[in-house]
Amino acid sequence: MSEPAPAPAAAAPAGTIYDLGYKRYVGARQATSTRWRVIAKNQIASAWKTWWRWKSALAFAVIVTCIAGGVMFLLQDRMVTGVLLPSGIAATITDAALPRSIQWYSRAGFLLSLTIGASVIARDMQSGAFTFYFARSVRPRDYVLGKLGGMFAVTASIMLAGPLALAIARLALSDSTDHLLRLLPMLPKTLALGLVATLVFTAVPLGFSALIRNPRHAMALWAVYYLVIGGMMYPLSVVMKNSIGALDISTAIDALTFELFDMTQTWGRSKRVDPALALTSLLGHAAAGIALVAYKVRRAHLEGIGGSS
Amino acid sequence: MTVVAALGCSKWYGHVLGVSDVTWRLRGGIVGLLGPNGAGKSTLMKMMAGLLRPSRGSLTVFGGSPFDDVAVRRRIGYAPEHEKTWDELSALELVIAMARLAGVPAGRAREAAEAAIAQVGMTDAMHRRVRGFSKGMRQRTKLATAIAHDPDLLLFDEPLTGVDPVARIDIVERIRALGARGKTIVVSSHVLYEIEALTSEIVVIYRGQVLAEGNIYEIRKLIDRHPHRIRIECDRPRAVAAALATSEHVSRLVFERGGLLLETRDPDRCYDEIAAAVLASGVTVSELGSPDNNLGAVFDYLTGGGGRP
Amino acid sequence: MTEPDPRSTMTPTAAGAVGTIAAITLRRLLRGRTLWVAGVIALVPVAFGAVLRSVGPQGDLADELLTFQMLVLAVLPPMFIASSIGEEIEDRTITYLWSRPIPRWAVVVGKLLALAPPSVALVVVSWHLGCSLGLEAVPPLRSHLALAGAAAVVSAIATGIAVLVPRHGMALTIGYMLLDFWLGIMPASIQNLSVLHHVLAISFPPPEGSDVLTAAIWMAVVGGGWLGAGLWRIRGLEA
């Protein structure tokens, strides 16, 4: 009987020790120029928290859209008093609903700016968040871009998305293909208006927020600027017989709206404001807001501001 | 006399459980509330201070509900964990206000405040505004607000957080002095050696539940499943090991640099045998002690090592 | 049963607690920057009046000026009160107060008592100076009283909203006041819920006259309703 074949030699025992401790990350790193995206995403995420910030303003804007859209559909052939077409005849409710609703979107935008925009940078300064940001490879411009970008996205959901939805609804209510084609320019006009309005409601409150370290004071001063000082511009333009009324953000948006949609309001403040001046005022406000944010953030970075008060 | 009595006390915040089914009695002295971050220490403290109401069960202080009964809170002094106070006020103004709100008559409030401030060693800075205080000074001021009205129960939530080592020793001494005067004091901390410096009576909280309570050493003795370690530093550890190897009370022997570490489940008898072995072998012992006679080891055993702060 | 405390006579009275809290709040207000910012805001209508005066006499802008004053009113009390209460709750300094043997509502009432008068004073003085400069005429006494009452009512509204939503109390109160303006122009009885409507009715009554008492009662009901909601909520609020 033959000997059984010897078992193959067992493999030499092997062992591995895994180091579960800290290891320096050695993988690919994103370029510094992408930091602003992280800040913007964080801004959007934090705006979405709780019901009293973005969600409430968004809910208000949705209600405005639904009501305006419903009115467009249900009262299609009715004329609206106070809004005239270039020919001088009264506009239909369907045509006037979108321009008239812009003021309501502006109110939602203002509410949003109060709960978020006018305090976000001041809160960061007061809480010491700047220390976290600038202890990393975040430059002041990344922070500024991130905050502007994040707030722009949030505000656009109200000032841009809402009017665009109404513009699409208006196109859907066209009588014929020819009518639809004639109305198509409404889309880029609404887009342009929405972008300008979004820019203003983003940059100006952020400017106030950067100007004053106390978030509540910043909020109060923005509210006074928008409501009180802005509201005073129109009567001043009446008594002084000039166009200073264009400095009122709300009136300027209104004037620009009716100019873009080739309509005239027979009452209200916007009829007295030159649309070109209105656009200049809005863009000037936005530029001033952005410049203020950039300047104050850079200064805070250089001064090492970041401790909580 | 029972100072604090918790019976099946639970507290949750939405879906998050803060404290779970805690049944515990506090009869006096200085007690350390020990646990990692998020264990439920502050929740329990706040329920004792009348700031939170139990979601289920009951928690009484001096026989009454601190949340509902205003008179009970008269006998409680609470120093919260957070740093924020009214920075515009001076330390003296703040403590006077707190004393008055605790019922000290207006005519005596200043005297009581100055005495409390002196007790915490802040007399030199009492006229300065709290805004300019260091962390240690803020902690002392907080303690002063808690003791100014001479309460019977003192609740100090993380009183040594952020305090420098010198100030820490001083504050510990002052807390011990308060305990020596007959006050019942509950001190919470996640830093083990801070509690060890203050008291040997502890309540260990882990994941919202009371894991152990009583004297540290008695608790240690109760942990049967974990053998007690004894370290012997001597000139001839092998000689000692040879003498102890046959002992039925020694479960493990480990040679370490300069000494010997043994494990036993019966430390009292083992110490006797160590003494006999040392005499018999004629070795010179430079150190004899237990790495387990400290709170860290007790905590590790109780939490399975997972709750180490 | 609560064990007897030999020092139970030292528990502060509710009035004493309210007074102490009011005193601390006022002291903090005087030492902080809020009063300065409020002063700047109150100067805006005065500056407007000065600009109008430089242009020439204006006789028919009284209603408009009053509306601006109401807009100032929509910002000042929330800035004082809503932010004070909101900060106290958010910063958790309220733990110092609620761990004391005082009723919870004493904190709210104490702050209201301390912060409403400066708000009232700033609004009324601003109105008086703005009108005197811009219209070159002292506004009627009833308009001062109406604004003073409105400032007190808005303070109560701000208090209630701040307790209900501490973090966003100030913003929501301003938003509520804008809604108030819109309600005021509604041609229906719902306008009775508007503070602005009643202020205008009292200050510049229509030729057929207006019921001042009814207007005052409506304002008190609105303010009292919000304040009551806040006081009800604070009983169970946890720190």
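We call the chains A, B and C, going by the order they appear; numbering starts again at 1 in every chain.
Note that a residue touches a chain if its C-beta (ideal position, glycine included) is under 8 Å from a C-beta of that chain, and two chains touch if they have at least 3 such contacts.
Given the structure is predicted, the values throughout are model-derived calculations rather than measurements.
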Touching subunit A and also subunit B, the following chains: C
Pair joined by more contacting C-beta pairs (B-C or A-C): B-C
Distance from the mean Cα position of subunit B to that of subunit A, given in whole angstrom: 51
Separation of mean Cα positions, subunit C and subunit B [Å, integer]: 46
Whole-Å gap between the CA centroids of subunit A and subunit C: 31
Residues of subunit C touching at least two other chains: none
Subunit A to subunit C touching residues, read off their complex: 50, 52-53, 107, 111, 114-115, 214, 216-217, 219-221, 223-224, 227-229, 231-232, 235-236, 239-240
Sites on subunit C touched by subunit A in the complex: 33-34, 37-38, 40-41, 44-45, 48, 51-52, 55-56, 58, 61, 64, 67-68, 71-72, 74-76, 78-79, 83, 86-87, 165, 167-168, 170-172, 174-175, 178
Subunit B to subunit C touching residues, read off their complex: 1, 46, 49-53, 62-64, 69-76, 78, 80, 82, 84-86, 88-89, 93, 97-98, 100-105, 145, 149-150
Of subunit C, residues touching subunit B in the complex: 1-3, 5, 7-8, 10-12, 16-17, 20-21, 23-24, 27-28, 31-32, 91-93, 95-103, 236, 238-239
